[in-house]
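What follows is a pair of complexes built around subunit A, which joins subunit B in one and subunit C in the other.
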Partner chain A sequence: MSKLAATIDAYWNKGLAFLRFAAHALRTQLTTLPPRDAFVSQFVDAGWGSLGLLTMLTIFAGLNLSVQSYGSFERFGGQDLIGMFAGIGGVRELFPVMAAVVCGARIGANLAASLANMRISEQIDAFEVMAVDPMRFLVAPRLWAATLALPLLCGYADFIGLGASYLGAVYQLDLDPGSFLTQVQDQVRMVDVFAGMFKGLLMGWMVAIIACFHGYTVKASDGAEGVGISTNLAIVHGAVLCIVVNLLLSWVMYG
Partner chain B sequence: MAKTEIQTHGLGSGPGAGTAGDAAPAVVLENVSKSFGDHHVLRGVSLTIRRGSITVMLGPSGTGKSVLLRCLVGLLKPDTGRVLVFGEDVAALDETKAKDREKLFAIRRRFGMLFQDGALFDDMTVYDNVAFPMRLHTDLSEAEIRERVIDKLHRVGLKGGEQKFPAELSGGMRKRVAFARAIALEPDIVLCDEPSSGLDPVMSATLDELIMEMHRSLGITFIIISHDTAEAKMVADTIGMLANGHLVAFGPKEEVFREDHPAIHQFFARETQGPIKVV
Partner chain C sequence: MKRLIDFLETLGALGAFAWQVFWSTLTSPRYFKETLRMMDVLVRRCIIPVGLAVAPVGAVISLQGIDVFKLFGAERMLSSFLGTAIVREYSPALASVMVAAQAGSSIAARIGTMKVRGQIDALAVMGVDPVRYVVVPGVIACLVVTPLLSVITNFLGIASGWFFAVPIGGVDHGAFMEHLTAQITAADLWVGLGKCALFGLGVGVIAGFLGLRVKHGAASVGKAANDTVVNTIILILLTDYVVSMMLLGMGL
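Our next item is the complex of A and B:
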């Protein structure tokens, strides 16, 4: 029982530490400009670096939407509804969420690993001793990069995913191109795309703050093992949070 | 952990010592203790570092030499005691308060620090690592910075290779770049955590000469952690010895040698038996 209490206590303290870290980081992020070079390199890393993975995944997901829905709708002669299905299911949920979770995991892992490595090799201490605020120079650029890259990736995923659905429907399943496009036009409004991007914005920040927390607070004495553990925690906690927050947001926006 | 009974030497330690005649001391530690859990690393260390002195702190591995340096710049907070740097108590500053943090940063700008493993910034070139503090804290033009960076790198024996990244350097080269970075702003106090370990004897001697040269020409106060008794003999004017969390000897080099303290003797004679025990 006392072991349980100790565990709960440890989680409680960790949670408090996280909230303090997040508040400090957010304050720094909003009140100071991050150094430009650091931001640009982080942004390129997060955004450009995720494009290959995201393109491949959304092409398969888009094709899959068409193929799967064709199988179901065909039974009652509704194969023409594929455009609607890909439009609603894809643009409102699948593509942006996939982008957020997959790219979020990739970005979060990178952020946590890089900060943890800087912690164990005393680079963060070196910043401190040089009278440089590591929150401003290391954490804020990472937060901004992820927060701005992820919505763009979500928007990008919509186009690639929908394009792949279209190509699958028209060239693989021989559906009428005009009907697909009409349905997409009828069902998907630009605001749905923006809603997906907004989700990406929120999730980008959350994934990044969790990853930065795990990386930044790793104990220097844990060494390389600490880097691995913090990276792992960043991915797991970030992905769980993405799914939960997505559900909540969908409720609020479409429920 | 080595468990030994060692008397604390009063030599030159304690507040006020070394102040006679010259300017206010650079650093004064008063009864500084630091534990991690139930592991007592520093147990009541008091010492005074004169402005413009070169102090070499000796001691076996794991006795808290690095912890002591980290307390000086506020990277660690001692559990008890005062850490006065140019009269300001670093240990009393609360980093979460904006005002204290500013004070702490103002003090830190007077320090340069060579970390034990260099702590070079991985994502910057050698050049940018050394230029970084200058770009941050001075109004120098990029041309002036360039001149100084190249000068500092030449002084530590690095010609060419400015555009290399730390990962492409050997351990000894990284350490020299880190030293160049530590002295980049020609600060008042330079802390060196084992500058010579990992360097070949010739390079190590070159670095020692550089330390003495910087000391002579700029009056920089050096606090150097070392295992290297030859280095201590060569560069130090003050020698300290830390063992089991106690400052067992501290004072002017000649006095410390003359007193022939058992721990110092053991260290210099490389004897396995003595007050310092390896368990």
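Our next item is the complex of A and C:
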């Protein structure tokens, strides 16, 4: 019983520490300008660096969406509705979420690993000794970079994924291209793409703040193991959070 | 050109490594206790993230699907679609992605840390094959645990889909339950579990491979954990597509 209490206590303290960290980071992010060069290099790394991975994954996800839903819809005799399914399921949900989860995992892991590595090699302490605010110079540029890069990646994923679904439906499943396009035009509005990008904006900030928290709060004495653990935590918490937040946002937007 | 050669070299090394793992599994000595311990650790670590990740998917399918099915006056059929989509496609794929995120990255980080600290070399010096003792238990544990988790997430996904369809969406409970089981066949369940085992195997092998390739320094441990997740997700989506095409061709 006391073990359980101790566990709950530990989680509670960790949660409080996270909220304090997030509040501090948000204040720094909004009140001071991040150093330009650091921001640009982080942004290029987060956005451009994820592009190849994301393109490849969304092509497969789009093809999968067509091929797999064909199997499910065939049972009702509704295989001609794949355009509508790819439009609604893909553009509103699957492509933005997948972009957020996968790019979030990549970006978050990089952020956590780099900050944790700086912490265990005592570079963050060196910043503090020199009276340079590590929040402003290390955390804020990373937060801005992820927050601004992820919506763009989500929007990009929508187009690539829908294109792949079209190719899968028309060239592999021999469905009528005209009817696919008509259904997509009927169902998908530009608003849906923007909704996906808005989701990306929120998820990007959350993934980044969680990753920064796990990386920043590694103890210097934990060494290489601490880097591995914080990277792992950043990936897992980020991915779970993206999926849960997506449900809540979809509920508010479409429910 | 150099990058292409590097890539092919890595791919070849991965193939050789996979063969080594396979051969080590077939021949003794085996470390059953370590394997059981790994399974125990993986189940405890993965069950919450995997559950939390798959449960919302059922809810989203109901949330978005209900309007579409209402368009055709077929909202009673929503559960048929939900059931097949969860059991066959989304539960295996997402459970495996989360196992890759949680178990894969922690296995790679653990092996990488051991490598950095020289513990892997110490094992080899003591005459214990590191692949047998460290990698094989992880691979077997992933192979067994992923389908088990997928069984749980099947229920979670359908339960959350029920919650968004029946109390919130206003579908009749009896109709939901009746159509739920009407379309799921035994083949669907086996396809889902088989995919999970395949993906779990991939997670274990890639995590062990990248973990053992860590050279030195804490930064490369983080990179190994990260690379494991990214590469296994690519592998999962690619395999999923190939398997789906094959099954479609076979008419399953």
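Everything below uses one rule, namely that the second predicted complex is superposed on the first by the 251 of 255 C-alpha atoms of A that agree within 3 Å, B and C clash if a C-alpha of one lies under 4 Å from a C-alpha of the other, contacts with A are read in each partner's own complex, and residues count from 1 in each chain.
The rule we apply is simple: a contact is a pair of C-beta atoms (placed from the backbone, for glycine too) under 8 Å apart; a residue touches a chain by one contact, two chains touch by 3 or more.
Bear in mind that the values here come from a model prediction, so they are computed numbers and not experimental data.
Aligning the two structures on subunit A places subunit B and subunit C next to each other without any clash. Touch criterion not met for A:Ala22: it reaches neither subunit B nor subunit C.
Once the two complexes are overlaid on the shared chain, A:Asn117 sits against subunit B and subunit C alike.
In the superposed model, A:Leu202 lies in contact with neither subunit B nor subunit C. Legend: residue contacts after superposition of the two complexes on their common chain; A:Met130 is shown touching subunit B, with no touch to subunit C.
More residues of subunit A lie in touch with C than with the remaining chain of the pair subunit B and subunit C. Residue contacts after overlaying the shared chain place A:Leu181 against neither subunit B nor subunit C. Once the two complexes are laid over each other on the shared chain, residue contacts for A:Ser41 go to subunit B alone; subunit C is not touched.
Overlay on chain A (Cα): least separation between subunit B and subunit C is 10 Å. Counting contacts by the rule stated earlier, residues 117, 121 of subunit A appear in both its interface with subunit B and its interface with subunit C.
Across the interface of their complex, subunit B is touched by residues 41, 117-118, 121-123, 125-126, 128-132 of subunit A. By the touch criterion stated above, subunit A contacts subunit C in their complex at residues 53, 56-57, 60-61, 63-64, 67-73, 75-76, 84-85, 88-89, 92-93, 101-102, 105-106, 109-110, 112-114, 116-117, 120-121, 172, 223-232, 235-236, 239-240, 243-244, 246-247, 250-251, 254-255. Interface residues of subunit B, counted against subunit A in their complex, comprise 70, 73-75, 105-106, 108-109, 111, 113, 115-117, 119-123, 132-133, 136-137. Against subunit A, the residues of subunit C that register as touching in their complex are 49, 52-53, 56-57, 59-61, 63-64, 67-68, 74, 77, 80-81, 84-85, 88-89, 97-98, 101-102, 105-106, 108-110, 112-113, 116-117, 168, 183, 217-219, 221-226, 229-230, 233-234, 237-238, 240-241, 244-245, 247-248.
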